[in-house]
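Look for chain A in each of the two complexes below; its partner is chain B in the first and chain C in the second.
Here is the complex of A and B:
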């Protein structure tokens, strides 16, 4: 049985090696992307930060973030919507299960629940470090690789660790509840929605043409969010999008984990109809 | 230098293939999750070598942190060994 598995693994490896060698030699036609696609890439790189073409540039040295939140902003908006539909689905399945209802009544100390003191101490030390790294990734999203989603998922990992190591009961007593994460997630989503129409509102107030997902002033739409704030490069709406996305992703993923980690008995009692919120 | 990077990428890609195969055929689901995380680590290295640090930054927390965590919670709530 072991021998057979090793043989199959070697066969798959050889198959992939042969296939990739054939593709490298040109079995799928040309190996380079078409010329018109390369022109698009050149334009993106040329316009990401370019103070001499102020009505086309994003004013962000990070080409990926300028594509994600400016050139192709609507794509990212719908991508975010898909993720939040999944989280809304989780919340809808666990409806009526309010994770703090039972644990609120019994006062518990930190030592009674959760893992060993070693795990707790390590988590306590790493918590501020990881949160700082996550916030740095999100706030530097328009300058260095990273962004809101990256920062948010990094923060969600350490919050998940807190939920597991300190136990769900204790975390809920510390304020990481379904309600608080739901509120933070909604605040983040609302921030993204408002930022996407921020320049549109500005244009309506001033009385000139403007677009949704507009960042810098364009040729026929001379309103925009300032790229510099007190001499510091903030790239207009990009920093706002990154902050709100970080908040929404961290809170949304933590919310899912709170619901998934809830005890089965509690969920079963809600589904039987013994109690509901 | 470029040959070194490409060779490293090829080795890591083949390692990820083997890890994927082991993850699919493994009967102990907890071990399968570890194989899957190994495959994700290999992919993270490939993304880094392909000069996509943005993807690496989102891939490491999601594929090495959150995704195995979801599966471990679900395995704890259901069965550890695949039947049959």
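Here is the complex of A and C:
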């Protein structure tokens, strides 16, 4: 047993050493990217916010967000789709499980379930603070590091804490159910999908050329989402993407937590076919 | 030579108090780390960890807030740094004790760890009397 552990440790160390040595020698390709790729990086920085080339800019000072949701928006869309396919898979596995639905009729008071009053009070205090931080991260996604995914994850953390501290039964009675989170997540995903073809619809209505994932007006597609709203920089579609992504991520992760926290007996009874709903 | 005019004295006092708080924080962190390594079981190690979070995090962050407030050369932005530090300190002050409380309570209730250096355990007596 002891030798096994030592062997595993030695194997990990040797693996990392060999890998880093190989990378240093250039086994994974040259350490410097080719010159044309370096030019691409320069263009990204040059065009992220550039009011003098309105045909090419994103109008967002955050280069990462402008790359993620504009320059390679379609790529991000499919990355988001992968995450939501995982969540859809979880929902499909747990189909028919409605997380202690019978406890919904029996009224339970806050004191009977969950952790101690100290933990509950602290969670109540921190809930609005963390939600405010999450919303700020999402709404500032086009200005500062962060964005919809980060904001949604932050909100999901405090919602997980609520689920654990106040117990799943009480949270379900308060409205954090599988159905409500599923509906919120679907609303977020629908928002992302509509935002991605928003300018295309606008172009079709006006009658000019336009693209999917278009943000600002381009040379041959002179329609776009306004970059300024009442003097505030909103970077067109970026703020919409961030809001909807925040909603979808927070609701989606909370949905997974609800399903994972469900009692095993209940899942087994559903899988055996004892209970139908 | 430092001209000691009104607000400069206040700045100096703020910076010195802040540095004293940071020094207290360093001491508490050191003691907490020693306790985490040397203490025999979970409950006393948890005590050492809370020394590290309150004495070693909240106090020096408050000290950093005072230092930032006293640094005139930072200009207008020092109030942002100072305010953010105070908010962080207050948040840790609220959240960290709740976390250690939950850990200790769960451990005591599950009877995973014997309460070893014990003078009196009212919680255990209460739960035994209640049964």
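Criterion: the second predicted complex is superposed on the first by the 245 of 277 C-alpha atoms of A that agree within 3 Å, B and C clash if a C-alpha of one lies under 4 Å from a C-alpha of the other, contacts with A are read in each partner's own complex, and residues count from 1 in each chain.
In this section, a contact is a pair of C-beta atoms (placed from the backbone, for glycine too) under 8 Å apart; a residue touches a chain by one contact, two chains touch by 3 or more.
Source: prediction; values computed, not measured.
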Could you tell me if A:115 is touching chain B, chain C, both of them or neither one (first, second, both, neither)? second
Figure out whether A:8 sits in contact with chain B (first) or chain C (second), or with both, or with neither. first
Please indicate which partner A:127 is in contact with in the superposed arrangement: first for chain B, second for chain C, both, or neither. neither
Touching A:233, do we find chain B (first), chain C (second), both, or neither? neither
Partner chain(s) touched by A:197 [first = chain B, second = chain C, both, neither]: neither
In the overlaid three-chain picture, which partner chain does A:264 touch, first (chain B) or second (chain C), both, or neither? first
More residues of chain A in touch with chain C or with chain B? B
Using the touch definition up top, name the residues of chain A that touch chain C in the complex. 115-116, 118-119, 121-123, 125-126, 129
So, in the complex, the side of chain A touching chain B is made of residues 5, 8-9, 12-13, 16-17, 20, 64-65, 137, 145-147, 149-150, 153-154, 156-157, 160, 164, 253, 257, 260-261, 264
Mind pulling up the chain B residues that touch chain A in the complex? 10, 13-14, 17-18, 21-22, 25, 53-54, 56-58, 61-62, 65-66, 69-70, 73-74, 77
Over in the complex, which chain C residues touch chain A? Could you list them? 91, 94-95, 97-98, 101-102, 105
